[in-house]
Each structure stands twice: as C-alpha cells, then as structure tokens.
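Got a structure here, written out as structure tokens. Questions coming.
Per-chain numbering from 1; labels A, B and C assigned in written order.
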Amino acid sequence: MVEEAVSGTSLLKKLRRTERRKKIEAVGLITPLFVLMLIFYFIPIGLMLYKSIDNSQMREIMPHTARAIEHWSGKGLPDEPVYTAIVEDMKVAYPNRTLAKAGRRLNFDLVGFHSLLSKTGRKLRKLKGPPYKEALIKLDKKWGDPRYWTVLQRGLKNTTLIYLLATLDLRYDDKNNITHVPDEQAIYVSIIGRTIYISIFVTVLCLVIGFPFAYIMANATTRVRNLMMIGLMLVFWTSLLVRTLSWILVLQNKGVVNSILMWAGLISQPLDLVFNRIGVYIAMTHVLLPFMVLPLFSVMSGIPSYYVRAARSLGATSIVAFFRVYVPQTKPGIGAGCLMVFIQALGYYITPALVGGPKDQMLSYFVAFFVNERVNWSMASALGLMLLLITGSLYLILGKHVSITNIKLN
Amino acid sequence: MKTDDVHVSFKNVQKSYDGIKLVVKDLNLDIGRGEFVTMLGPSGSGKTTCLMMLAGFEPATQGEIMFDGRSINNIPPHKRGIGMVFQNYALFPHMTVAQNLAFPLEVRKMEKAKIDEKVQHVLDMVEMGEFGDRRPAQLSGGQQQRIALARALVFDAELVLMDEPLGALDKQLREQMQYEIKNIHEQLGVSVVYVTHDQSEALTMSDRICVFNDGIIQQAASPDDLYERPENSFVAQFIGENNTLTGTIDTLHDGLADVTLESGEKVSAAAIKVGKVGESTMLSVRPERVIVNPDESKVPFTIAGHVQKLIYLGDHIRCRMTVAGNDEFIIKMPNDSEDRLLAVGEDVRVSWKPEDCRALDVI
Amino acid sequence: MALPIHASTGERIWYYAFRVICGVIFIFLLFPILTIIPLSFNAGEFLHYPLQGLSLRWYHEFLATGRWAVAVKNSFIIGVSAATLATILGTIAAVGINRTDFPGKQLLVALLISPMVVPLVITALAVYLFYARIGLNDTYIGIILAHTILGMPFVLITVSATLQGFDYSLIRAGANLGASPVRVFFKIVLPNIIPGVVSGALFAFAISLDEVVVVLFVAGPSHRTLPRQMFSGIREHLSPTFLAVATALIVLAAMLMLTLEMLRKRNEKLNSPV
C-alpha cells in the first residue's frame, strides 16, 4: 500500500511536469509574436492613448513657471516669483521657437494666448526688471487678467483633459468648471453621432441585402451556390480602392447608372449619386457586404431543412414557417454579421474620404485630418481614443452574445 | 377491410427526382383507419419518399394520393393536418418545449387558455409534465423523442407519420419507446405510417408491414405472415435469418416442387413463386426449421451436411455447416438434453418438412 | 427549393420576387467591378461609356510610367516581406496556442487578433507617433512591421483552423519513432497544416497589398505603394491609367481567390476520411 501511494504521487508529479513542459513550450512558441506585437502595437497604442492627456511638453518649455505656479491659490493674480519665472522661461523659449508651440497649445484653451506670448517674446529684451510683474502688465494688460493665469496653471500640469473634453464639445470655463462650448464651435459630438448613424445605416443595409442573398446561397443547388460564392469572394478579394474607384465611375453624372436611368426616361437630369451621403452608403454597403453574408451563410447552411418541414407539417404556411422557425435560428449569424460590419464601419476612412462629401466624413477622417493638416497629435489621439472606446465597448458588450468564431475566412 | 375504412390510399403513385430514374414505381396501397403500417426496406428503397409524398414535402410525379377519401396532391403540407415525427425530432431549438407544442395550435389560431390546457394534457400523456419550460437541448434523446411525438399529436391529427423516429436512440431506450408508441397508438386510435430499416422494430410494432425494395412494395402483410410466408426471395432474405439453396425444378404437384440442387441432391419444397419445370428456383428455409440427423423413414429426403463451426448461445446452439455447396448454411438447434451435441468436422444428414421450405424466384 | 405544385399565389409571388431580388443583389455585387474592366481598354481619355475604340494605351502607360513602376515594386517588397514575417511568427504562435490550455489563453488570443477589429486609423496613428520617437517613419522596415501585425491575425486563424483537424498524436508518434522536435515540425506538422499556412500567407499578402491608411501616415514619398498612389490619384487627377491598374488588381484578386479555393479543397481532402 505504501509503495502504491508513493508511486501514485510520483505519477501525479510526472503528469504535472509534462503539463508544465507543454505550457512552457506553448509560451515559448507564442513569445516571439507577442514581443513583436507588444513593441510595435500595444505599446504604441498605449502611448497614443496617453498622448491624448499628455501635457509634459508644456512643462519642458516652461519648467520654472510650472514649478512656481503650482503654489498659486488661483485667486487674484500670482505673486512676483511666478512673473519672474515666466520671464526666465520665455527668455529661453523664444529664441528656441518653442514658445510659439506653447502659445498654440494655450490658444487651444483660451483664444488670444498665442498672440500674447509671441508679442511678449518679441519685446522681451526691452523688459526691465526684476521685478517683472508690473512691467509685464504694462507691456500687455492681459498679464493682469486672472483668466490667463488660470489657463496657464492648468496648462502646466502633467496631464490635461482639454482634448478629451473637446471631443465631446466640452471645455473649461474661467473658473475651471466644465461647460459646453458655444454652439457654433460644437462639431465633435455631431461627428461621433454621424459616425454611429452611418455605421448603423450601413449595417442595416448589409443585413437587408445580405440575408436573402445568404439564404438563396445556402439553399441553392451546388452549381448556383458555387457561382454566388465565386462572385462574393471575387468582390471580397478585390482591392478596396478598386471597388471604391469603380463606384465613383459607375455613380458619376455620366456613369452607367445615370446613363441607364436617363435612357429609360426615368430622369431627365443626372442624379447626384456620388460625393455625397448616398455614395457613402452604396460604396460602404458594397465593401462590407461579404462580412455579413459569410457568417450568415455559414449559420444557414448548418440549419437542416427538417425544421421548416416540421413547421409546415404542424400547420404553418411557408411564410410563417420562415419567420417563426427559420429566421430565429439564424440569430447567431445575424449577430456575428452585424457586429463585424458595424465595428468595421465605425472605423472607415478611405471609402467615405473618396466617395463622400465634406459632411459625410467619419471619426477616422478627423483623426487623419488632425495629424496630416493640423499637426495636432493630441487632438488626433483624443479622437482616436473616442473611436477605440466606442469600438471596444461595443465589441465587449456584443461580443459576449455573439461568437466571433462564426466568422469564417473561406 | 371495408372501403369506407380506408384512411389513406396511394393509387398508381410514381416518383422520380431526375425524370429518368423512378424512385417509387407504381405504388398502390390502402391504409385502414387506426392501422399501424410500417414501411420497411433498405436505404434508397423508396420508403421515405413515400412518406414525404404523403406529408406533402415531395410532389408525386404520377398517380394520386387520397386522404379521407379526397385527393391531396394539390393540398400544401400545412393544410393536410397530418402529424409527423422526424428522424432528428426537428424540435425548434429556439423555443421551449411548451412553445414547441403550442406552435401548431397557435398557427391554428386557438385561444391561449385552450392552448395551455392542451399542451399540458399532451405533456402529461408522454409523462413529461414537468418539462414545459426546458429547451430541447436540455433534454435527453429519449425525452426529445417523447416531445416530438407529443407535438405530432397535440393538434389532434388522425394520421401520424414517423420517419425512423427511434434511429438515434440506444437499444434499450429504443425498445421502451417502441412499447410506448404502440401504447399511445392503441389509446388514441390514430393511424400511423412508420418508416424504419430495422426489421425487429417493424415486427414488434406493426399491424402490417410493407417491405420496400427498388421502389416497389415486395410484400405487404402482417408480421407473422411476412416471416412465415414470404412471397419472394427478397422478403425471405430481408426478414429474419434465412438459408438459400439454388436448384432446378423437376416436377410440380399439389403445391409442392421437387428440386435438384446444384450438388445433385434432390429435395422438396412448397412451390410459391416458381416458373415451369426445368427452370431455376431459389429455396428458402429458416435455420430453426432444419432437422439434423432425422429418422430417415419419417422424412421424404435427406441431404449431406458437414459441420464447420459451432457457437454456444445458451438457449440454443448455432451451427454453421456446408450443405449442397453452401458454406454459410446455418442451423439453430434447441439446447435440450436429448440431442446429442454435434462436433466440428462431423458429417451429418439434414432435412426439412417440404412445407417449411419455400421455392421462390431467383435473384 | 423548387416551387411545389400546391403553392399559394402569395407563395408564388414571394418565390419569384425573392429570386429577382437575389439577381439584383448579384448584379449590385459584381456590376462595379465588371464595368471597370472594359473601360480600361478605352482608346479615348474619357472615364465613361460609350467606348471610343479599343486600345492598350493605358496599360502601356501604366507599365511605362516610373511612378507606377516604383509603386508596384514597393507594394511587392512590403507585401512579400510582411506576409513572410506574419506567416512565420503566426504559424509558430498558432502551434503554441493550440498545443495546450493555459490560464489567460482566451485573453491572449483576443489580444493577438485585435488588429483585425481595431480601426485602421488608430493603428496608423499609434504606429506613426511611435515611429516618430524611434525614427522608423519613412522606412520600409516601419511599414513592413505594421503590415506584419495587420496580416498576422489571419495567419493565426487559418492555421488554427487546420490545426483543429490535426491529430496531435502524430507528433508523439514522430517523437516515438526517434525524430527531434524540429524535425517533427518540418516533416510531420508542416505538411499537414500547409494549406492553412499558405492561405494565411495569401491573406496577409492581400491585406498588405490593399492597406493604405498606415502607408498614408508612415510612408514617405519614396515608399508609396500601389493603393497609396491610387488614393492620392483618385482625389487629385483621375486618369484611365487607374482603370488599367484596377483591372490588373482585379485579375490578381481572382488569382488569389482561385488559389485559396484550391487550397481549401485540398485541406478538405486531407481532413476527410477516405
């Protein structure tokens, strides 16, 4: 008995050891890829997300001011040491041209700051002091305005929420409270709304078009099914830009669609079908349709014909059988297809940029816009964070109910 | 059976899927009210197709199907009012058991209270009263089977079709369900058309069995007739265990045929489906009807047998021997103390009563 | 699916309407792609029908223009490198993932395939900001690494799918017969999962070939790829040469698709019992 017990534990140990070895092997095999992704994907995304609240650049430009202004109570005007510190900082920053950068950043918060800093910078050499407090106020009376100091104090902290607030059309007021921006400046909430609206619309279109298509495909003869599958896969594999270009040509004023409609006498003037919302809907639906059809088809081809037959034998008309028995069983496919289409649509950039007008651009476009045209990485990152937040939360909420494994790649 | 008792009738029904090959060839069959008819046959014999035509899922290419005295060829399945139990049960996975059972009543626009009452009644009938809120996936195979049966019965169908309903169950459960289905059939008095390829199931349950092969009903008869009196070689070989010997007819008299086997030995058999004198015939004799080492004076003939193998099975002994060139000749001998046990390699004489052996067509 | 003789009028209408709708959808699906092909052979300079005679001039221009040649070269350098890297790393990782269960496996898999769901513009921005720090903007290696990450999830999925049909006892059998783990991988595992590996590689290649957002952010003028060239061209000066390029890309897509179809059939044959 004793011997058995001993050999029993050693067996368990051996088993554990082989299990552990297997795990170590598995981890070893995954590590190279994971390290690559960590360095070139996860860390960059993390840094980008931090960029949306990162304010350290300001502290580098105005190190003395940053330290001095920390102790200011925020009431009235700061004392002489703060004025001295800012003059010192500007003396370094102006010739380095970093002062302009700080000006642009602070202008984002309070219009007028940029011109104040550049004006002060220009006249810095003529400034007499220390003490500088009165000299600065004399130079420009904005230096005697507590609002500017409030913004400066907030602007010299390590992190800032102004970009994230801006993506929700919010900002700080003079008293450091969060308020709405004036209506004429409020654009981002409507852009987010538009992004979600377009994505929902495209998802619904894809479902309405994709469902009958997948249904016929799942129930057709092998020959018809193969033909449909080849058509679908050809579209799926064709470059996004080629498909977008095709739609521009087909939908343009002299394009095939307008020509056919005019020839048929249905219209006398060409319709505006592209470079507007209609074009965005058509092209995006076309591009995303395979992502709806493929999961639907894979679920539908797994539904045996006997369910509908059973419903019919129980007295249901073919239409009742279809809607009450067949359609509910396709729910996993509908869920997976809609999730896939919707999440992809949220992040679309190229297609709306090419076939849409200025009012049809989505969040991604503005991320690119802030990088390439405004060189405002913080704002781009803040919008990116919003986009990631919407996509990610949807993925987590819906992903629980639908399995992404329903999406097959063939 | 009187004509007005006919519930379902197939009249010259033919079916072809591709327009070339007939899956069902000229089917004529009357099914009586309250009768339990089984369609038995190998796969591809046309039995399921017949069921599908009756249910309305496949149109008949030719001929007419009558139900309650009227043609139903042009009636869609949902208006036929025929209950059906599917091979895989076809319980709707997205509905609870109770919703499944309520479905046929809802589409018939029955009142809610009435529906609930009927659903509970039928659940109790199949002894599943507690399971109304479960999903089909939460039930065992046998329980699903009961629900499928209940669903086919809940809307008071007078005819219930069953397509291999017990195929997915294990042997023990299958036997229990056979008994229960039979019980319900007798209780409710519905007509049942039952499709299976399992002959013991068919023999246990049916009033009448239609043996299908090659799109034709080979024989439609009660279970004992089918076993005792097969009308052709296919049925003889398909139902139960059977020994076959081929030979040539010497004489035909008084319903008996004298046959010379391929080994040259002469035997007698009942002439059932034979041609003229001089033509070939296939003899069919059940293993339990063969007599070993008989008293030669009491039998009309004996032929030689050579024991190849003995298998001890408790209540009887199974003996494989070579008889008239057939190496697979099987004999079942009761295990009674009187009989001397045979030994492998022994040479014996075998015989049978002429009426126990049937001379049939050659296949 | 055939219409039964006892169908009601409503069912008949439904039946035919359904088919008509599907035909329309099929046309919607293929129509834009098919209209672009004849236009690329147009002898004239217009981008619409009717054709003004047939010619190959735009193909000639496509092949003769230096800008396009550079773009094609860049696309292939980046695509082949990214696909190779993604395939090697993805295949090895897929073998590891399917080897055994370990805590946090699901989370790890979700992280590894996340580049499929994260909007491209976010990947592009993140990579761009990161490259700005380490000086990888305007380099081949920068684009290749980003494309490797974008293509890798597809390798992971296709290889995992074939690994699911793979009998791990073959590895033990191989080891039992005296082969080293590396030898077992190349002689036993790889031949069995090769259809998945190749389709994964083709996917990764196609993803890279089609990708434009990352390129838009991180590539300099000398690293312009085909889609990048098309993107700016469509916005600024659309010419029939684009149609020739598009047609070439459609042909490439068809070839990729057929190759994958062949691989899929081969995989089915390998996995199905004889």
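Everything that follows uses one rule, which is that a contact is a pair of C-beta atoms (placed from the backbone, for glycine too) under 8 Å apart; a residue touches a chain by one contact, two chains touch by 3 or more.
For clarity, every value in this text was computed on a predicted model and none was experimentally measured.
Taken as a graph of touching chains, this assembly is complete, with every chain in contact with every other.
Comparing per-chain C-alpha centres with the mean over every protein C-alpha atom, the closest match is chain C.
The mean-CA centres of chain A and chain B are about 66 angstrom from one another, to the nearest whole unit. With centres taken as mean Cα positions, chain C sits 56 Å from chain B.
In terms of their C-alpha centroids, the spacing between chain A and chain C amounts to 23 Å.
Looking at chain A, residues 317-318 sit in touch with two or more other chains.
Residue numbers of chain B whose C-beta contacts span two or more other chains: 56, 76. Chain C has residues 7-8 in contact with two or more other chains. Interface residues of chain B, counted against chain C in their complex, comprise 56, 59, 73-76. Partner chain C is touched in their complex by these residues of chain A: 19, 22-23, 25-30, 32-34, 36-37, 40-45, 47-48, 51, 209, 212-213, 216, 219-221, 228, 230-250, 252, 254-256, 259, 286, 289, 317-319, 343, 346-347, 349-350, 353-354, 363-364, 367-368, 371-372, 377, 380-381, 384, 387-388, 391, 395, 408-410. Those residues of chain C lying in contact with chain B across their complex are 4-8. Those residues of chain C that touch chain A in the shared complex are 1, 7-8, 10-11, 14, 18-19, 21-22, 25-26, 28-33, 35-36, 39, 46-49, 89-90, 92-93, 95-97, 99-100, 102, 108, 111-112, 115, 117-130, 133, 145-146, 148-149, 152, 154, 157-158, 161, 199, 203, 206, 209-210, 212-213, 216-217, 227, 230-231, 234-235, 238, 242-243, 246, 249-250, 253-254, 256-257, 260-261, 264. Note for the complex: chain A touches chain B at residues 304, 306-307, 309-318, 320-321, 324-325, 328-329, 331.
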